[in-house]
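The first chain written gets the first letter, and so on, giving A, B and C; residue counts start at 1 in each chain.
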Amino acid sequence: MPLHVSIATRAFRRYSTYTAATLAGIFTNCVFGVIVCFVYTAVWDQSPRAGGYDVQDALTYAWLGQAMIMTVAVWGGGSPDDLAERIRSGDVALDFYRPVGILGWYVAADLGRATFHLLTRGIAPTIVGALLFDLRWPSGPITWLAVAASIPLAVLVSFSLRFLVAASGFWILDSQGTKVLAASAAVFFSGLTVPLVLFPGWLQDVAVLLPWATFLQVPADIWLGQRSGLEVLAGLGLQLFWAVALLAGCALVLRTAERKVVVQGG
Amino acid sequence: MAELLLTPLVRYCEIAALWVRASTTYRASFWMLTVGGFLITGVDFVGIWILFHTVHSLGGFSLREVAFLYGGTGLAIAIADLFVGRIERLGSMIRLGRLDTMMVRPVPLLIQVCADEFALRRIARVVQALVVFGWASAYVDWSPGRVAMAASMVVSGSVIFFALFIAFACLQFWTADSAEVANAFTYGGNTLTSYPLTVFPGEVVKALTFVLPLAFVNWYPSLYILGRPDPLGFPAWTQVLSPVVALAMAGIAALVWRTGVRHYRSTGS
Amino acid sequence: MGLIEARGLSRTFTVYKRSGRLNRTRTEVRAVHDLDLAIEPGEMVGYIGPNGAGKSTTIKMLTGILVPTGGHLRVAGVDPSRKRRALAHRIGVVFGQRTTLWWDLPLRDSFELLQKIYRVPSDRFRTNLAEFVELLDLGDLLDTPVRQLSLGQRMRGDITAALLHDPEILYLDEPTIGLDVISKGRLREFLRTLNAERGVTLLLTTHDLQDIEALCRRVIVIDHGTKVFDGALTELHRQGGSTRTLVVDLVDEAPPISVEGATARRVEGPRQWLSFPADASAAPLVAAVAAAYDVADLSIQEPDIEDVIRELYSRS
């Protein structure tokens, strides 16, 4: 366990060295946050209860979206990118001979990264958003607690998806294509483009159950109080289910890949 | 004059063509990247389409009118990205010393930077924007004047985004990891102009007219093409100013680029 | 008129250093200061100095990459930073530590890209390529992506790339760094041929005095941005008082060897280190030692460039 803590700490430090990039990123998040707020204001002005949200919910959702982009790495990135590079260069073969499990190593590194991004590119735009607009805050300590539980679960689900995408490189060598496809699915089905609650009919019924829904829609609904009581547990349960199922998928894929790499020599 | 414009263009195409031929991307990856490029901007429009399930107009504009605006700015940034998007990597070219090697070659540096690793798959974004633009155009009441305006809009809009890509990438001559600041203005500007500017406060529109003239990418020409009076009461002649603004922006970008190159410090020993 | 002419050439960098949490202090670093250079067509000049002495900065100014902050500079009659593109046709540059080739492309594609970039006429390109491929033994490597080449192979590719357009001047920045002895030898041989047969002017920066010895009659030494020596290599050795070392492994331990023209500097069991003037021949010394002692092995250590320069600097 101390090993994984130190892996995570190292990942955290690695990202913290790029101060200018972090500030630039926060600035970009804020610009997009403001743009989305004006669009949502126009929508909710005409349709004040759209998707069960009021305008304050919608504006808060806009900033939570900006906060989660880098925290869950909606567009891809984080430690799975390192894996993709090691697969491309062939160095991954060495990883299989290490005494530490590959999956645990990459999970720890990505949690370190996510912590850094949450503290910078998550919190900073939220504060800016709160200064510019009237946002809604979690209603009490229990809601805060549920939000706090929901975010790492979102990171784990997103990590497993990104890891699977990177691992596709074991079979097709270059995983950049899969990465772009996965990113477009993630951007849309996470509710970053528009909240899933606005999706029409059956599209919404399906989208809210997909793993991407756990990136933003689930934590946001807990934050906004759209989910209360048992619904909070159901939301966390969905996140937990996807996290466990996808991590198991990662482990399975790794075992198959190991056989391929170790036996065939790459 | 023709020589001045044509020669760099020819050099660009030669280098780009070699990159296309030498493309090292694996076939499966190439197609996924192309389709992904199409989808990743396409979902933005699907998002707008979903919003219109909730409302009938956005800032007083119908879905087709918004689609026209979206297509106009989308086409402009996609064309700019196709040709000069690589300049985003200026910081890493500096860090890896690749800029040094480009500087000792007889092709204009800007051409080399922009044509480096030219990838045809980025045309997917152009196609995506074109699809939306085409769909919206089918409902426009076209006249010769409007067709001319549409052509001018696409060219001027592309040039304005060209200029933004280049000018903001030049920040990387001073701080290498500032690439993302540019995104706020290029992709941020693209998102902003995908919507009718009536959605935003009047100050924003003024800023987009006088400070960072993104409103000339699609907003003013589209008002003319869609036959709508300016909601903020700007005079009608602002609607024909896009080419002038584009030229001015290109001039500023060229100046910033020259200054950046002369301040270039190279790396390492 | 010289091919390269510099008078009072200077380049300072403004560096911001952190002092305290938020404060930054501004300092001016003089990378190159008041440098005079005059190089004639056809010369082979070694440009040496310790790390950070200003070698690369000079080369970057000569090629137009960096704009000088002071002084006068003409290369082939033009101001490099203002006429960078015109100059590019007349110079070739090899950066030893990084490649000018495209990482993912096979050598052949890189060369073709360069043909287009420099607009080398097809027949000229074909002759040049054939000649360099032959001389540098690149035939089997043309279809290999650059990323898969060894350091030595890549260097040969880089040199070919720098020469395809028939430049008059070739700048080589640490061309032999990291190469094995055989590759170094082959490379030097090639550069000699290039200078002799094509009259290409060579300016090379290096750490390796053997590069200079094999190639350059003239040496320019720079330290802390200022020129400290400009002249023949033999003169450098004389002025710098540099010595070579003969390492002798005797069959048995013995008291310090005493022979004419050398002094024993160190003794460690059967191994002894004898230093002798760098401009003297090693042959008579070796013969003398071999005649007087039972020798198991012999080797010669070249003078360390840093030592020579330190010596030179402390005297001036």
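Points to keep in mind about this one:
Criterion: a residue touches a chain if its C-beta (ideal position, glycine included) is under 8 Å from a C-beta of that chain, and two chains touch if they have at least 3 such contacts.
Being a predicted model, the structure only gives us computed values, none of them experimental.
A summary of chain positions shows that the Cα centroid lying nearest the centre of all protein Cα atoms is that of chain B.
When the interfaces A-B and B-C are ranked by how many C-beta pairs touch across them, A-B comes first. The chain with its Cα centre farthest from the Cα centre of chain C is A. One finds 51 Å separating the Cα centroids of chain A and chain C. Taking the mean of the C-alpha atoms as each chain's centre, chain A and chain B sit 28 Å apart. Annotation: 45 Å between the Cα-based centres of chain B and chain C. In chain B, no residue touches two or more other chains. Residues of chain C in contact with at least two other chains: none.
Residues 18, 20-21, 24-25, 27-28, 31-32, 35, 38-39, 41-43, 46-47, 50-51, 172-181, 183-185, 187-188, 193-194, 198-200 of chain A touch chain B in their complex.
Residues of chain C that touch chain B in their complex: 13, 51-52, 55-56, 60, 63-67, 81, 84-86, 88-89, 91, 93, 95, 97-98, 100, 104-106, 109, 112-113, 116-119, 145.
Across the complex, chain B meets chain A through its residues 25-26, 28-33, 35-37, 39-40, 42-44, 46-47, 50-51, 53-59, 175, 177-181, 183-184, 188, 191-192, 195, 199-201, 204. Within the complex formed with chain C, the residues of chain B that make contact are 11, 14-15, 18, 22, 24, 96-97, 100-101, 103-108, 112, 262-266, 268-269.
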